[in-house]
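Okay, handing you the structure first.
Read from first to last, the chains carry the letters A, B, C, D and E; within each, the first residue is number 1.
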């Protein structure tokens, strides 16, 4: 206890390292309070502004920490807190950046989206609590914390998906999301119990150190590991735990889809990275617990299924949902291409960098959908016909997202995907990269359909757009600029990602 | 012909076979495992107290445990959130619109958002 | 910094035109596009380097600094030109300006977007031909596709959407295959290269520093990479049987886009083949000479036979492009000064001539709104100047001496006939040369049916001579074709200087 | 103490019974209950192996699992309620407007 | 003597300038640019004459004047140069003279007839003349090829001059296409020459004929692509010959020439009689040193020549249009030249080339005059009795006809006789193939005499058979002038090479052409060629006897043919006697169905192949492409069916997936042991 509260070398006490999470949680509570005082508050600007500011503040603090070297090798390594239950290191800060910036974009975009809805304060507070949960996930250093923070991230998400209570799509989405989520969390919990059974510990480091004693219980351990993997697969929407994703993303309010498909997915990866790398380090594993192979299988199946299913969708939002599954497959390469003694930090860092870029481009894409929903245009490709002529700015942004998601060069998505495949090849898994590349090629087809619809097809004569909502526009343009800037500015991103990943090994 | 009690089987049970299969796999793994020496608890240990101490990251318990302080706080928040979310969902609005609305790409939302004042109130009815 | 300035000016011009009002966009774009023309001509005038940029020769207008470090491989911003890329640069700038002028008449909606995209494409094309770092090159290479996709998709013909997406996906998949092949090579080189700079990679490959990778021995890796890259580039060229996107794209594309597509974009494929496959891995190329030569001959003959069957003027020219680019492949695989140099020269020549032909077809189409052979005849009666230039261009396409096409083709024939890479090269050459007969067959038939004979036109449009600004680009192109045909040394000397180091044998015949 | 594998098999059985329920029943509430069953299967392991390993980590965590189960049920009930309002029932297979 | 040879380029450039002038400002010039052309060709003619006289002083000129493509690092350099030797000097004079006359004649034929598009016409003539002259002075094979092709272009433009009618464009296309087919082989030959010798120069110690000679003698080695040197040289020679066969309208690529009569008649005179078609023969003469090395090539040339001579002459017998007769006679006469070249009669062939240029130009222009008179009706059966109405035309035409038929002492007699004579003696000297060719050539003489005079009698004699023939349109000085000049030449040019007279009467030194052609550069002289050819001579009872017999036989046959024509057609009301030939006439009239089979090849073989290829391309090649995308999309649409929308199914699949995963890894990891 005393140690936990002692000052680190810096001027701030150790516990301040979790301040991004604290800021998010406090903002959420503040909104809670506002809700309690005025339960029907519809001062959207205040609510959205507050939550955006809170997210950005957390983003700023996390960024500052990252730059200053908090929890990184430069200032004495990872900061463990509260009996090692939490750990703040470069990776958690890096992921916090993703969660908070996505949260900020979602909040500012929701300014317009929920403007006429009830219970706005709850909406925003739930978003912030979910973000808090994600941040904690990235900091979890024990399976207990991991499980609980995962639930903290999930529970508000279920409610948020169902936010449009009298919209059948929203409700159906929430139902499926929740049911699969509950099932997955049960599997996850069972996995934890099995790991505990095999190692007698929930702390990641302790699990790692007692792996050697688990000789006779390889089966139990392996089963536990695979079930943990199942829990994470649910969060990252990876096969076979992905079934909720298409419906949840399609049915949910678009900003929430953006939030779930970008931030929540990244959170799943954050916790997966840490748990597998820390608790089940390669080289110390007993034979028969080959989780890398499992991730390879999952990565290949996930990206293939996601891309193939996306290719034939008629509904843009659903297409994006499947593409999101496909991207989960790419990101899984970060775990699938690990080897004992290989260039693991590069692989993992590449995956992290991809998730960051993905955070921008995918959030942007879903927020564009939100914009279109706001206009009431419809959701199919045909409905998008001729949008480019009516809303050129937003459509340019959307084109940027699409091409970037497809991995075309002038955008951030190209670099991140390239570096990801590159590092996979570097690690010797050229075939993973090849599968990824083939899928990328296929993905170009359906992404370009959106672009085609917007720019090339002629608009229906009745197509009319309403006003240009400030919040949504701000968020979309911001995401587009981010996607673009991540091309020239990719160097610091990948450098940071790979440096912080190094600390894990 | 004698009548026997019959198990009502139907196609709806088929998916359950997956669960059965899973059980077989699990049992096969569990039954072939070998286990370490059971350590057990000291006879005089106060388990409940130990659990309590563990929750607050206090090192006073008879039986060692990992710290659950963070988990404790986080679960508090989580319960809060669950409550909040449930209330959000369960609260019956003053008369929900008749019939459900299909996911329509926001057409309805548009009406809600861009409609006039009267439309707006009606939309909530 | 000349190249950066050139690209920056072009990008800036694109942006300016994007926001210009539609009614001035065409004029403005043409005026602004003169800047890169002047710039590239200035570069040509000042050019005093020699040798191949990839093989240790001088690099003119060079810039090189680290952009990104990835693992052990740095990405450099590395641009420069040599005797191979400079002519293509000049071709690009000139053709873009002319294509923009030729767009004044047919493009009547969303002009500012159209011209903006044209300039944006030009900027990226400049990047393709100047980039000497693989990564930078690839970025530009892919970026070229995007504006072309829109140009076809928005301003194209009735089936433009199908054509655009086919073009886009087909060529992108090809890029991907090529990309994988190249990256595999880079990995195979391992520590012997420290960056993605093409000269470094080319020299390491030629110095036999390739190691094994992904379970493939160095030789096998080289072969696989060569084939992958060849296929990738072959789609762009295109060679039979990977050509089917081209007729669709051409037929649907608006005239100026066709001009750029045939004139410059196809050359990206052969340029890349030369730069990558044939410069970096001459041993594999020579080992694969028979299949490559067969493909080349097949492209020439098969493409020409297909052109013979077409009823649409633009399709005829499109297929004849397939045919003409087959010569280039044949020249490349010959590994003689005249073969490879001629192939490079032919890129320029065909760029100009096919541009001319597409423009001429476009001018007729602007007036008649049809391109079908059966829909008209005796157009020369009403459009004498256009028809005259059309005839001249067609003869240029047929390889009439003292026009650029003959120079390119003859160089290639000569180079490949005496090539020693395989004893059957003379036979392949002779077979490919038969293309000059078929090309005459379909172009003459097409002209006979459309331009000559009694005037007949069933459409509702009045057929009159085209406006001056429609004909002017044709005339300029024709002039360039003749100038290059009379004095090929304008480019051929610098091309040879750049090409000879590739040949290892020190030139030879 | 009974051998640990007995607990394991028991928990596996409960887990699979819960799963069986999920797979075969269409009522959302039964679905929820089945999930509870599965979570409790985990708790059996945790408590049992807490004793095996001689620490209370498992036992403590089991408490948290229960709490979380409660939170999950709370949210779940909320969702089932809106499901009922929108689809007029609690059959999970009714809500199939989105697919493929 | 920095003098005249420096002006040789001007011979070529002057007509080229006239092309540019006519094209650019022809519309604003009187007579549509005709004067520019006349002035230019006159200038060229004068310069050619000056050159001719300079050459006659024993000077020759072989100089590179322009580097077209500079080869670096040992690569061959491609250049343009001038080779002025007696052969080319002679040819320059012929071409410029005829070009000049045709320009003048055109004033009457085109301007006076009120044609439109005259600037285009004169531009075409100018470019044509320039191209032909460039070809003539070329010092290497590549340059020759390039101008050869330009000549082809001009023939296309000029034949298709009346593009508003359906016929001329089609004929123009055919002309270009058929000659292109020949040129394909020529181009392969050019490339092969470069690849073999590293040079394509005609003259000098580094020229390819010289190198070939040395290679055969074993004095140097060249790349013969794995063949024996002689075989390879034969192959190369035959490849180049492809171009010759095409341009000189030899069997089987002769079909374009009769069609080409669709062009204006002066163009026919210029292109098809005197110059362009002569290009092929000239080319063989130009590189005769190379052909002479290959007996096979020579034999093939002779056979082609002899066969074409006979073959075309038979077709000329039945034609109705005056220009058609002339067209077939042209083909036939070029057959003689080929026969001469193949038979070792280099001088004889050149001689015939020259005389034919004059008399055939004369005949075409005469026919043009008739056509003007007949208001552009070309059918001889509508003519008759024009002798009285247009005496100048008649007598000059008669002069040309006598020359064509080879009647003593007109020019054609001398040259044709020498061709046949050379072939005969070389055939007797141990080359039986030549005797076959000779026999065909000899037989053709009879047909020539017949069709020539059939034409003359039908056109000019008898009674007018139509209204226009009774009241023909008059022609002016610009038509008569050229006719007169050519009429004189056709009658008299034989004197330049009266070998039979020399042989029979023993007068030495009147074989001027032999002497002239011997004045050339080393290795290009007639003597040298004679040494190179594989032939030896044998005689029937002595040289003089052979000369006499040969001359007598051919003259006799010619007169017999002419006589038959006289009997049959020199009547007031001639009837078509060739109808008695029945099926043979049909065959002849349809040109032995040569056109048909070529059209059949184009329409029934090539077209269906191309259509089939197109179907294949659309269906199979593109089908595969589209198929791949369809299959991908189809599998995509299948894959997404997993997502049934029913959450229970999801749970089941999830469980199944997990179970499979566990089972698989359990088996792999040995959990169950």
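To be clear about the criterion, a contact is a pair of C-beta atoms (placed from the backbone, for glycine too) under 8 Å apart; a residue touches a chain by one contact, two chains touch by 3 or more.
All of these numbers come straight from a predicted model, not from anything done at the bench.
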Exercise. Which chains are in contact with both chain B and chain C?
Worked result: A, E
For this session: Give me the fewest steps it takes to get from chain A to chain D if each step has to go to a chain it touches.
Result: 1
Exercise. Out of C-E and A-E, which chain pair has the most contact pairs?
Worked result: C-E
Exercise. Comparing centres built from CA atoms, which chain ends up most distant from chain B?
Worked result: E
For this session: When you average C-alpha coordinates per chain, which one falls nearest the overall C-alpha average? Tell me, please.
Result: C
Problem set entry | Rounded Å distance between chain B and chain E, as computed from the means of their C-alpha atoms | 95
Exercise. So how far apart, in whole Å, are chain A and chain C when each is placed at the average of its C-alpha atoms?
Worked result: 43
Exercise. Rounded to the nearest whole Å, what is the centre-to-centre distance of chain B and chain D, using the mean of the C-alpha atoms as each centre?
Worked result: 7
For this session: Would you give the residues of chain D that are in contact with at least 2 other chains, written as numbers and ranges?
Result: 4, 8, 15, 19, 22-23, 26, 52-55, 57, 61, 64, 68, 71-72, 75, 78-79, 82, 85-87, 92, 95-99
For this session: Provide the list of chain E residues touching at least two other chains, using ranges where the numbers run on.
Result: 629, 640, 643, 645, 647-648, 651-652, 655-656, 658, 662, 666, 671-672
Seminar exercise, completed: Each of the following residues of chain B touches two or more other chains, namely 15, 18-19, 22, 26, 29-30, 32-33, 35-36, 66, 68, 71, 75, 78, 81-82, 85-89, 96, 100, 102-103
Exercise. Which pairs of chains touch one another in this structure?
Worked result: A-B, A-C, A-D, A-E, B-D, B-E, C-E, D-E
Exercise. Which residues of chain B touch chain E in their complex?
Worked result: 15, 18-19, 21-22, 25-26, 28-29, 32
Seminar exercise, completed: Within their complex, chain C touches chain A through residues 67-71, 110, 138-143, 145-146, 149-150, 153-154, 160-161, 164-165, 168-169, 172-173, 176, 179-180, 183-184, 187, 213-214
Problem set entry | Contacting residues of chain B [partner chain D, same complex] | 12-13, 15-16, 18-20, 22-23, 26-27, 30-31, 33, 35-36, 38-41, 47, 50-51, 54-55, 61, 63-66, 68, 71-72, 75, 78-79, 81-83, 85-90, 96, 100, 102-103
Problem set entry | Residue ranges of chain B touching chain A (in the complex, touch as defined) | 26, 29-30, 32-36, 57-59, 66-71, 74-75, 77-78, 80-82, 84-89, 91, 93, 96-97, 100-114, 120, 124
Exercise. Which bits of chain A are touching chain B when the two form their complex?
Worked result: 1, 25, 32, 81-86, 115-116, 118-119, 122, 125-126, 129, 132-133, 136, 142, 144-145, 148-149, 151-152, 155-156, 158-160, 162-173, 201-203, 206, 213, 215-220, 222-223, 250-251, 254, 317, 372-380, 383, 466
